[in-house]
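Each of the next two complexes has subunit A plus one other chain: subunit B in the first, subunit C in the second.
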Partner chain A sequence: MLIVVLANSCKKEDPLNVDFSQYNIDNPVANTALDKWLTTTFLDEYNIDVIYRYNRFYHGDDRDVAAVKVDKVQAQMQTVLEGFILPYRKIAGTAFIKKMVPKQFVLFGSGSYNPDNSYTLATAAAGRNITIYAVNDFNVNAPGDVVGKLKTIHHEFTHTLNQIVPMPDDFQLITKSTYLATWTTTSDATARDNGYVTPYASSQPGEDFAETVSHLLAFGQAWFDARANSSTAVGKAALKAKEASVVQYFTNMGIDFRALQMEVQNIVRNQYKYQQASFRYWMGQNLFKTMTINLEDGIYAANGISSDFATPYNTFKAAVLAYSSTQKYHLDYIQLRFESATILTVRAAFSNATTQYFGDYSFNYTVNTTSGAVTFIKVANGTGTTFNNGTLFTSSFTNTIQAYLTGKTFVADWLPSTITSANYNSYGGFYLQGTPTNNFYGLLGQTL
Partner chain B sequence: MKLNKIHILLFGLGVMFSTQSCNKYLDTEPDNRTQINTVEKVAQLVTTAYPGRDYYYFAESASDNAEDKGNGVGGLDDVISRPYNWQDVIGDATGSTTSYWNSCYEAIAAANQALEAIEKQNLGNAVLPYKGEALVARAYAHFMLVTFFSKVYTIGGANDSPGIPYVTAPETKVIVQYDRGTVKSTYEKIEKDLVEGMALLSASAYSVPKYHFTPAAAHAFASRFYLFKGEWQKVIDESSATVPGGDFFNNLRPVNSTYRSAGTEDFRTMFTRSDQKSTLLLTEQYSGWQRQTSPRYGYGINMVKMFSAAGNFTGKPRADKILSYGVPHYTTYKFKEYFHRTSPGADIGFPYLIAPLLTVDESLLNRAEAYAQLGQFDNALRDMNIFLSTKISNYSASSDAATLPKITAFYSISDPKEVIIKLILESKKAEFLQEGLRWLDIIRHGLTVRHNKYDALGRETFDDLGPTDLRRVFQIPQEALLSNVPQNPR
Partner chain C sequence: MNRILYLFAVLLAFASCKKEDKLNFEDRPEVRMNQAISELNTILTSSANGWIGTMSTEAGGGYGFYMAFDGTNQVVQMIGDMTDASATTLAPSTYRVKANAGAELIFDTYNYISLLSDPNPASFGGATGTGLKSDVEFLFERSRGDSLVLTGKKYRQVLKMVKATAAQKTAYTTGGLKTSIDKVKTFFITNKYPYIDILSGNSTIKAGITINTTNGLAAGKRITFTGVQADGATVISGVSKYGFKVDDFDLVGDGLTYNGIKFVRFAWKDATTLVVYDSAGKEYVVKNSAAPLTPLYILLGAGYNTVAIPNATTYPGWSADFIARRATAATSITRWSITTPRGALRLQGINMSFNNVTKRMVAVFDTPDGTSAFSLTFNYTYTRSDAGVFKFTLGALGGNESAIAGDLATLLAQRLNVDSFTVDYFTNPTTGALMAQFTSVEHPDFIFTGNI
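The block that comes next holds the complex of A and B.
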């Protein structure tokens, strides 16, 4: 079951004045185009019965629930298909999804209102049914709405999985002392600090598990990491332990969770264009503190690196080596260190046979979280040992790396596009605005 | 037990039988029934002198610990719905008033059988702890009966309304006629058994003492008894004797520490385990109370607020576990079922729960109330602060201690005695939610119970059960009419 808290708002509504003679009370038309689409897409392929015609039986007689608007059905079910069924089908296999997918989807228009100032978004039952409420407020043009609905579906399907393969015991113990059924009175900050993705997750372990899975899949790893980073030390450890438990649960079922996450995120990022799943958004949030580039790493052989960046990098590397014939410094990596939302330190890590040194150069940077435009501006270096180290190579740095970074407008994006699921969440980069082939990318870190 | 009566009867009838042969035949027991002729057998028999059914269903449902969650919400079960609507429960189903009545008299019968054996057999001093246990257990069962099935004891009143039959001898006839006596006479007999029994008890007579009336458990029962009688100094003395060295703090339910940090399943396993310091008397009871996950009338959305930060004067929530079987079906999750399988090969058997009948927590609250009644407000508040320091989340002695100005402001009651008692009763209500004790405070203090009711259209109305309402006394089982025990007026 997935439930949200109601906002405490007082919306004034005009008095209802409806002339019922103008309405067809009920005139179901059989075998419409929608019915055919549902039949071929879901019934024939997956043996899923999609029930959208109003039937009180499916929501119980203690609730008042509105029927779904017919024109919302296809959009909702399209999301189910592309954001949930197909990613599972690709990663977990056709046999898995055909067996496990709930055989009945029931759609309702309004939420199912609970007495505790909340309403139910969806329920999963018996490993065979998912009922989705509040479909009428589904706005296919609002990425947030679409991803929110997608999260709900993943939440419910996790319940379905749990109803067939029980969730791990260790998960239930991670924050065992802070579950409270009165979650509507738990603030988001309290839930976060106690190690939950949402207040609803703090209601009980089963919901916690489903919320953790659905947020990892639909909102992505960056969202999850940002949540963990903003929590307390204990809360962060709990969230990361829950993530590990979730990954293990899927591994035990023979599903590569990271591949599944990548598959769902590709839809969220590329098809739904969900702003909060973009690299530029998280750059703006200063989630990623470091980007480390070492062109000797195999990732660059596997995914390629544009020569526009490789040339200055290698030129600088040669200059570092040439600096001292006795020390023979080797450039280990270049690291972009985003100290704050505006301050950037570019670090060259270099080593002789025994010791690694850091040479630092100060920059400012700007990020436009909407367009993704990023600019780097050289400013006077800071002071200290690392900055002194940097002065050893000032002239070559100025002519290579600094020359490449400054005076241009880059766009922040998840790069490289050919990344595999193992590294999916840990690489990002920048490309030259208007020239995507001119780019560089590196390993992301969340601590300085 | 020899069957002499049958012998005489046969002798009178049977001219064809010789007395000799008849004697030989009847000298042998016709069945292999146990003779209660050793201390061990007495001890084992007294183990069954405790009510084997619970009062949770009707005491909780009739009290203000239950609310109507809505028309069509949750399940309907007569043993809950009828007490909620203050109607007599019909039949003797699990959870009914009749089943509790019968279980109390079964417990009394076991006690009486044991006491008769002790009287007839010469068992020496070793049997005395079990004699004491039988007496106190007999007093307890009668006390709970008079509490539920008679008008409440009025402190300083005539108490001449009908009590309940006080049974002191084993029944040897199928139907025995009884007199209800009065509440006053019932209380006198309870006190006599209690005082006599307590003097004989021993803490070391048992392998698992928490299932017996140890001295500490008997003190806790006496504390409850004298609270009803309004003998405040005795309440204080008896309560203080429930813990060693007067150390209440370390013997209360650790709600905001051990219980809070436990996982939900761990908590449920722990709560009714015999190693819980607060628990003074445990009894296994045949019950389905732990299975009542989603009743229409019960612990719902309004009840749960008593645990919230707004539910007490400290502005901090109580640290209790709050779980739900889907909102609004909340549960304290206190009871873990013990399922006794009658067949190892099948899933059939009998559901039991382990009921904590007497606790240190209750005794401390009783003492606080007695202090308040005697005008010793500082002592009362000190007890309440010991209590609350184990219940409130992140309790801070400096900022969360109860003071008269604070609780006066919170409850808007200016009389110091009244406001302290209000705090005590509210604290007790939250502590013992789903454990039936609230009903005892309701009748003792003449509190009005207000129940909401939803009709088929979802309209909410309210019914009140005032202090003089006849329905505050649960109905005596119809079967008891056979023994000349009249029903309560309606």
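The block that comes next holds the complex of A and C.
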């Protein structure tokens, strides 16, 4: 009995106290200009830790991923700042972005290769981490690269938002029947016709939502509309429904998605000079079929119109009115109708007290998608009622609108520059090459 | 009995109740961990002139480096033997030491060593997703005197480093590594058939040396010894990966084993004499043979496994008879087409693969159909006389082969299937490439060559 008691009374050794504040410290020296910039720009301002020095833990043991090239870090993070954080900060507010922005950005040099040899460009985790891969491929002088990376970051941040505010249920039902996990075998055309922005989007609703948001923000509305227009009727409807769902999701969070889109697009268009976000590019693609100009519209009072255009417009308007003292035709608008990549019909819409009539005039036009140079050439009018209507005002049209349009080289651009977010995606115009103050612009339409 | 029990109890009390105030190891874990980190940091910065390192990759060849560590800023300056640029331009990147099953050196931003593990083939070749299978994290193994040994964390390849001298540092930082590499390359270009003599029992055998200085995955940065054993018939070979250094080059990993001897290092004995050392320190001078050392017939199927007859209407080393017979066959097969409208079969290259163990030869005629690949495969067994005369015997034919064999009769039924052939080396006068040249014994005017 005594033995048992004695044996039991022997206490085991106390647990060893380890000072974890000193245990396996991994605190790299951070004394370069880059480290200081990262600290002041991201850590101090947003509490974001930018980790660019290799740590296997962040990509997982099963992959081989290369470390980042130091000289790529600042360019990549500058894009994150100006193309992602600052637009959100301006539109969604400082409090929102400081709260929502992932607190950890991890950068790797190469992609993270999947077993099928595709590679992951970025991942988002737990609402607090974004890992960006393939940073070594980042070429700050290649707008396509920069915008591609920016798209990826918006994609991942959308995941982050979804991890905090779940994505809308209705979005997941729009193309519920065509999600397919093995997306790498889905062609781009199939994905498009099924109503997806990319094959990857067709893998599952979460990726679809993130892809839709990131394409709307980084590639812009024109890209999205062109995608929808080239899809099937069902696919187009699905894409437009997804767009609406995305806008609503942001509205529910108190964010004006159109304003955000404009902020991001201003960077993409003006700073990165991304060709596929330019008006000239989409003119060359014949995305926009009509440009409608009605100088009585409030948009012109708000943003101004150059007198070089307003004078012939108003002279023509007066001539239309003067044509008949009984009918008192009113010029409702001038519409440039881009029938094809070369054929333009200029339409004058005029009305009496009860009926609106169209008077048409035939032109050819050319667009240089690189320089944006546009020329208009008058050709013999077509035939039919609208052309007959046009002949009523031929002499006045010839001396005013036609005289203004022809014999010059214009440049296609997103005009006016003072446009507000509500109309950001729907106005474009032309200015006289070398004289940007001589310009006109109008409401864009994508159907004739 | 009771007394014994009491005594036992008292003993037990003393023995078991001793408080364990001593640690199993000398210090607390965090202290020891920091000691390990600081130990490796100290070693890395202890070499005033930096380090010369060599290492192997798991999937690719071996590589050589120069590294100088700046502990204050955690910056390493590196030279590597991957490319001309990496061999001449000192490049900085960061590193740090972390504890992880001992101290671990991490090259934590991109430098030349990262090329080896880069999974993007556009960076440095290698396989998609894994590159050459190498590491940027190295576990500290040991350090003794001037040497430091680390092991790659994932692929377990050993990085061996030795302290550089001031002269070596100067050489590395002024383009010396490229000079060293170029010297070796030039040596092996000038000396077309390099070999060393090895004493094997009572006889001297030769080991022909071939060096691959490319960065290819399967064969790059490797050196191969090939030769015939003392019996004059058995082909043996050994291969090792190597890494260039500023004044010699090391066979990495376990070295190169050939005829039971382990070779570890090449070095310059004087300005023009290259020597190789075995693990016992014995020196072997690399000599040059006027012609290939080993008769080609011995190596066919046992070193050289394929003879690729080029896709050409005429080629160096082809006789007029072969050219005419090939042209006849090429014309004849155009009457075949697998599917219209892709077009007629076109005779392109002919690939002969030899296996001297099974004594089989497979001749594959590349005959694309329009743009689609299509080929005809003829299986042969063969005998080889001691004098090196080959006699091929055609095996069973597949359906396509059976149908089309008649069109290839000028090459096959009238020659390859019935004649005997001798084979010898042939040097392409245009490219300098070493080729195999077959000559029919029965029809000495039927001669053709192929790349080996």
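FYI, the second predicted complex is superposed on the first by the 417 of 448 C-alpha atoms of A that agree within 3 Å, B and C clash if a C-alpha of one lies under 4 Å from a C-alpha of the other, contacts with A are read in each partner's own complex, and residues count from 1 in each chain.
Keep this in mind: a residue touches a chain if its C-beta (ideal position, glycine included) is under 8 Å from a C-beta of that chain, and two chains touch if they have at least 3 such contacts.
Because the structure is a prediction, the values reported are computed rather than measured.
With both structures placed on the common chain, the touch criterion links A:R56 to subunit C but leaves subunit B unconnected. Contact with subunit C, but none with subunit B, is seen for A:V68 once the two complexes are overlaid on the shared chain.
In the superposed model, A:G111 makes contact with subunit C only, not with subunit B. Looking at the shared chain after the overlay, A:T185 reaches subunit B, while subunit C stays out of its contact range.
Applying the stated contact rule after C-alpha superposition, one finds that A:V29 touches subunit C and leaves subunit B untouched.
Of the two partner chains placed by the overlay, only subunit C lies in contact with A:N136; subunit B stays clear of it.
Of the two partners, subunit B and subunit C, it is C that touches more residues of subunit A. Counting contacts by the rule stated earlier, residues 3, 61, 114-115 of subunit A appear in both its interface with subunit B and its interface with subunit C.
The touching residues of subunit C, when paired with subunit A in their complex, are 5-6, 8-9, 12-13, 16-17, 19-20, 23, 28-31, 33-34, 72-74, 93-94, 96, 98-100, 106-110, 114, 117-120, 123, 128-131, 133, 136-137, 153-154.
Remark: subunit A residues 2-3, 6-7, 9-10, 13, 16-20, 22-26, 28-29, 31-32, 52-56, 61, 63-70, 109-111, 113-115, 117, 119, 134, 136-137 touch subunit C in the complex. Taken together, the subunit A residues at the contact with subunit B in this complex read 1, 3, 60-62, 114-116, 118, 172-173, 176-177, 179-182, 185, 203-205.
For subunit B in complex with subunit A, the touching residues are 69-73, 260-264, 266, 300-301, 304, 307-308, 321-324, 326-328, 330.
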